[in-house]
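The following pair of complexes shares a single chain, chain A, combined with chain B in the former and chain C in the latter.
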Partner chain A sequence: MIKLSISLLLTVSGVLLVVLFLFTIYILVQRKREIRFAEVRDTFLQNSAQHWYNYLINDEIFSVVLVPRGRSQVAAIETIFSSYLKSISNEKVEHKIKEFSNVYLKKFYEKDLSSKRWSIRMNALYRIADFRIEALLDTCQQFEKTKISEEEYFQLLKIYSVFQPELFIEKIEESSVSYSESEYRRLFALLEDDVFIRLFEDFNSWTTKIQFAAIDTAAVKRNMQYIDQLKKLLTHEMPEIKIRALKGLYEIGVIDEIDPYVPFVTSDMWEIRLMVAKIFQHVPLNYTYAYLEQLLQDENWWVRSQAAKTIVEKREGIAKLQQFLESSNDPYAIEMAQETIVRKRGSK
Partner chain B sequence: MNNLIITEDIMQEHEVKGYFEILRESVIRSRLTMTAVFFKVANSSQGTNIDPNQVNHQISAFLKSKIRKTDLLFQLADGMHWGIFFLQSSEVEVKAFLKRIFAILTQEREYQQIELKASVTEIRNNSVNFETLLDKNKHKLADDEQPTWSVEQVTDYRVQPTEQVKVSIIEQNEIFRKVLETTLENLDIPHYTLDVSTYEDGYSFLQSDSYKTGHVHLVVMNDILPRKNGLEILHILREMPNEKKFIIYMMSERNSESATLNAYEGGVDEYIVKPFNLRVLEAKIKQTFARFWL
Partner chain C sequence: MKVFLDFCMWFFGGFILFYMLIVIVSYCAMFVIAMIAMRKRYKLDPSEYDDAHIDAFYSKPVSLLVPAYNEEIGVVDTVYSLLNLRYPQTEIIIINDGSTDSTLQTVIEHFRMKPVDKIVRTNIPTKQVKQIYESEIYKNCILVDKENGGKADALNVGINVSQYPYFCSIDGDSILDEKSLLRVMKPIILSDGEVIAAGGNIRIANGAKMQLGSVTEAHLPNNHLVIMQIIEYARAFLMGRIALSKYNLVLIISGAFSVFSKEWAVEAGGYSTDIIGEDMELVVNIHRLIRKKKEKKRIEFVPDPVCWTEAPQSLGVLRNQRRRWHQGLFESLWKHKTMTLNPKYGLIGLLSFPYFWLVECLGPLVELGGYIYIVVAFFLGKIYYEVAIILLLLFVIYGVIFSIASILFEAWILNTYPRPRDLLRMILLAFTEIFWYRPLTLFWRCEGLLRFVLRRSDWGNMKRVGIGEKENSI
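This part shows the complex of A and B:
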């Protein structure tokens, strides 16, 4: 049995009590600091919100009240700027936020980038991109040379895509990190149109994830500028590229000629036939009816269903389907046409 | 004193008064402008050898043939004036009508003995009574020196009454909610005053009961909201018996075809994708209210 003297036990418990006491004091101080931080932030938010509105929206002159004094006021400004940028689209507002951030927030984020805490560095990288703090581009490039995480590198790519698209394309080409499709989409969404379109110039040199992301981003951007690029991909050897290009063209919704799409009506892949049936929604029925009738008799349920939907949404669609019912012998196509007519009439 | 020449086949002054009072009130209720035109035979056609009785008949028949089924033609008790109430028509349309019929009267031989002048009153409020309207227009046409085919104007009743509109902003983000509130409070829409309230979630809006009043109610809300989202509120408002009084603007971060279609099919008046331009929102709201009155 271990023998412990009472004095030793008392000493140990005394030390533990002191440690506990110090730890409690530390927690209380930290809590107090947090509360103080939140108070200052909220007060600044409350007092300056109207000034910000007047400066950003009403074009009133800049007031020194808006300049942050300390980290808590920066946090308040972050909240204000993020709310404006998320909800309001206005070049003037964006420009004012950019100008202000480059002058008054730069030093805060510069310091944050050298923080030991990952979350603080990430926040700084997000804000640099969101508020367009171009003055920190060199600092960012220096930051890249330090040991950074994958997430930080991804944010850096976002920053490059905004400030230095050339560098962004270079980095994407040489990047050892492979991102997911959705991550590439997030990167490409920020690119200016003239830079983004360059992804299509040497399309086959990219990895499939980049290729897919580029096509999907073109679809989301819904810019008519990309129609020709997507049409070129319709002859691509990879079916997935063809399907995505067709989807992109459908999303953009401007079909200037139907000839490039006609061969897909007899494609071996039902997904391609389905996309053609969808694309024909954007073309007058008298140009497409013959093909849609063919697709209405397709072996695949999805294709038949889409063809019927495309027909019925047109003004003379119901009449065409009824005409089809009278002349067709295909029981599946007849069933689909009947169902679609009933559904359409029910929704009227 | 002139001999009274009354044409029997059109309505007479005493018969029209009751109709006028109903029409005047419906101007306010339906927000549809009414315009009254009064005609008088111009001085130069009086005192000639032409039978005034025949001219009177001809004028009545001519005017009757030119009006729409919704217009009300009548002859005044003095037999020298005719009136037409043009429902759902502004002064601009009525002036175009006058230009057209005056051109026919001056160009076609069969009407060469008719010479008229007119007075136009656009009515957009209910502060006018029938007798005053007649007096003012008769007074306008009383000057014998007025040229033939001239068109006078009574402008006393053209200002529509100021209407109170309730505005509810339902947005979770406090800063943007305040931005919208300030923007809409400062929005100047002629003849409307906006009574703006803000809510941070759908439930507090529904609890407020402010939407149960009879006022025109502009609701600017997000599609995604805590405690009852925007689409649920849309459904509740559109199920109400007086749902037409709601003008619903839905804000969303989703720019997809299906989300937009879904919102319009649910009954929104405008679907606005965030981020959007505040000036464009203001313009849309102004245009919405401008369409209220003809």
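This part shows the complex of A and C:
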């Protein structure tokens, strides 16, 4: 038995070594190919960079030199477009990139979408969204019907959100896949304002993840249009929604009345009290001081700390805190007020 | 006497063979899992993915903790590499753990630190904080001067001082890529907090070209000892980390660069100050907590390279490091021995712990036994030759073939060392592994075990050259 094992192990080791040897050769050949690919790409990049600049920025006429011949040249164009899109925000440039991609890059990505390799398909989907290749929308819809991964579906949703918001909302509604909050935010961030507001109007019909993502997106878009939507949510039954709505209103930073916020000063949840203390940063101190003093004596450290910070940032803040020090007998509140005053003076 | 000797030889021979087969099979399984996972990402454009998270809107703020004990040479460079990170919201907290050199002065002068009064919430009890400073140049940079209490204690102080929901611990000698933090935070951001701790793939910096604290090009160094460590890291990465992470079985994420949710780390008691492997200890404690609270949380390993670290260049330093690592591993496993095979802890107890005990912790003992067996067998004569040869062949498969497979697979997918010459050099060196590097490290790891048993902990610190100097010297 042992003899058999020795020969068996020898065979196994031998076979494995041969396989690894072949694999090494494959990798080395592959490397050579990659180097050649990179050379062609870099040459094209070098030779055409000026033409691209002239075409995209200087409004010069389109030159045939720019039309890609082969994959390596497409790779070069992708690099150029990505860097332009990332570094400058200019509608004219975006439009030109879109136009060019829809005509000359379309066929490459169409082919990529039918690739067997997941990563190639994903790259194609990224580009379709980035370069706004609307001409491939139908192909994308066909692609959706094939067996695709969750990641690919997510990219498709992103594409729909740009080209066909109606379809996007429909898909979100019927989608069986549940994404994470941050993924929903990535989807909503691209939506036009009117579509986004519509999403908000059906607020209660969405899942909590979508609801949270919608509130956070509204906060980041910093659009006055969303203030009313967020205020409506302050009476929502779910505390998490209330907290997020308060956070969103704080982020937008425009507080036109304090009445809706006053009841929250005595909320049972410290997170809500903390948010109110933060929101009062956007309101003159004479309207809010009474409430902030109450929050300065809160049982929660974070709330006390935020209330002190809010007060001290105001013009007459330090004087108010000093007045408070003289009259108060709450040791925790006094400690917080003292430390905040010292810090403020130190930073001046 | 002869009968007894015969019995021993057959028994140990059989035992070691059986053990080696188990190890080889489990490594094969992990290798296949890793291959499938990594293969999918081949040729995927990483920039698309990285960039999506740069916006503050998608990311979560992170406090970066830099514990420093006598790091006057490297600390400034480390802080610069942190300032270089592409991440929207961070704060840098340097914790001077009662250094006896001029670490404190260096940091104060270099970053124009000014003393501030700040109330620190003591979430985790620590040694006394002497003074907190804030930089006048970089608003998000804080220095904490405290009494000496060890690295774990320094990190705990950092956690107390930090104001963000996530913290990242950074070793003084780590060199980060500008995308390091983005990459390691990716699973946390994308999972909406289901991932509560994440660590990344650590690379060896020796031989890499650096510019402004970032690695621009990797070349294989000339030192064979370092190349062997590079191969070892690639192996550990492909035959371990990825597969374990897929099933939430990770017990070790490197302390050199890993992110934790502050809430969970604090609830798990922070870093333990009475143990050598404080990073593993924290991960195990968090796993315990997850089970206790019955929550669906994960600890993940990120396959992207996130951090470059200086590998020991001499046998003496490497010996110290390996001894310490192994002692730490044993200590942690021993401390939590009740989790082993305990169904209460799910797969962590049933799979992870037995794996770490058998393969990682006690493995060196058995393997070293195997080497001794081979030597003894050749002296004892013919009848044991066969067992010895089988054992040797298993060592070849285990040592040489797995190493070469890892090198090639790494080259195929990640292409860290693009020059064909480097690739061939690594492969050639892998053939020599079982003759010198493997036995040496086995011996050191066994020393670590022994030191744990004898409760010795006078382990030395690694001698640093400092990143700045390395930039010139490599």
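To be clear about the criterion, the second predicted complex is superposed on the first by the 317 of 348 C-alpha atoms of A that agree within 3 Å, B and C clash if a C-alpha of one lies under 4 Å from a C-alpha of the other, contacts with A are read in each partner's own complex, and residues count from 1 in each chain.
The rule we apply is simple: contacts are C-beta pairs under 8 Å (C-beta built on N, C-alpha and C of every residue); 3 or more make two chains touch, one makes a residue touch a chain.
These numbers were taken from a predicted model, which means no experiment stands behind them.
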Q) Now for A:31: first (chain B), second (chain C), both, or neither, which partner does it touch? A) second
(Q) Quick one: is A:6 in contact with chain B, with chain C, with both, or with neither? Answer first, second, both or neither. (A) second
Q: Scan A:197 for contacts with chain B and chain C and give back first, second, both or neither.
A: neither
Q: Go through the superposed model and pick first if A:334 touches only chain B, second if only chain C, both, or neither.
A: neither
Q.
Is A:119 touching anything from chain B or chain C once the two structures are fitted on A? First, second, both or neither.
A. second
Q.
According to the stated criteria, A:186 is in contact with first (chain B), second (chain C), both, or neither; which is it?
A. second
Q.
In this superposition, which partner touches a larger number of chain A residues, chain B or chain C?
A. C
Q: Identify the partner contact of A:23: answer first if only chain B is touched, second if only chain C is, both if each is, neither if none is.
A: second
Q.
Just checking: does A:169 make contact with chain B only, chain C only, both, or neither of them? Give me first, second, both or neither.
A. neither
Q. For A:269, is the partner it touches chain B (first), chain C (second), both, or none of the two (neither)?
A. neither
Q: State which residues of chain A lie in both footprints, the one left by chain B and the one left by chain C.
A: 86
Q | In the complex, chain A residues that touch chain C | A | 2-3, 5-6, 9-10, 12-13, 16-17, 20, 23-24, 27-28, 30-31, 82, 86, 117-120, 122-123, 126, 130, 180-183, 185-186, 189, 209, 216, 220, 301, 335-336, 339, 342-343, 346-347
Q. Can you list the chain C residues touching chain A in their complex?
A. 40-45, 47-48, 51-52, 57-58, 114, 116-119, 121, 189-192, 194, 386-387, 389-390, 393-394, 396-397, 401, 404-405, 408, 411-412, 418, 420, 423-424, 427
Q | chain B - residues contacting chain A, complex | A | 173, 175-176, 178-179, 182-183, 251, 253, 257, 274-279
Q) Which part of chain A faces chain B closely enough to touch in the complex? A) 45, 49-50, 53, 57, 79-80, 83-90, 251
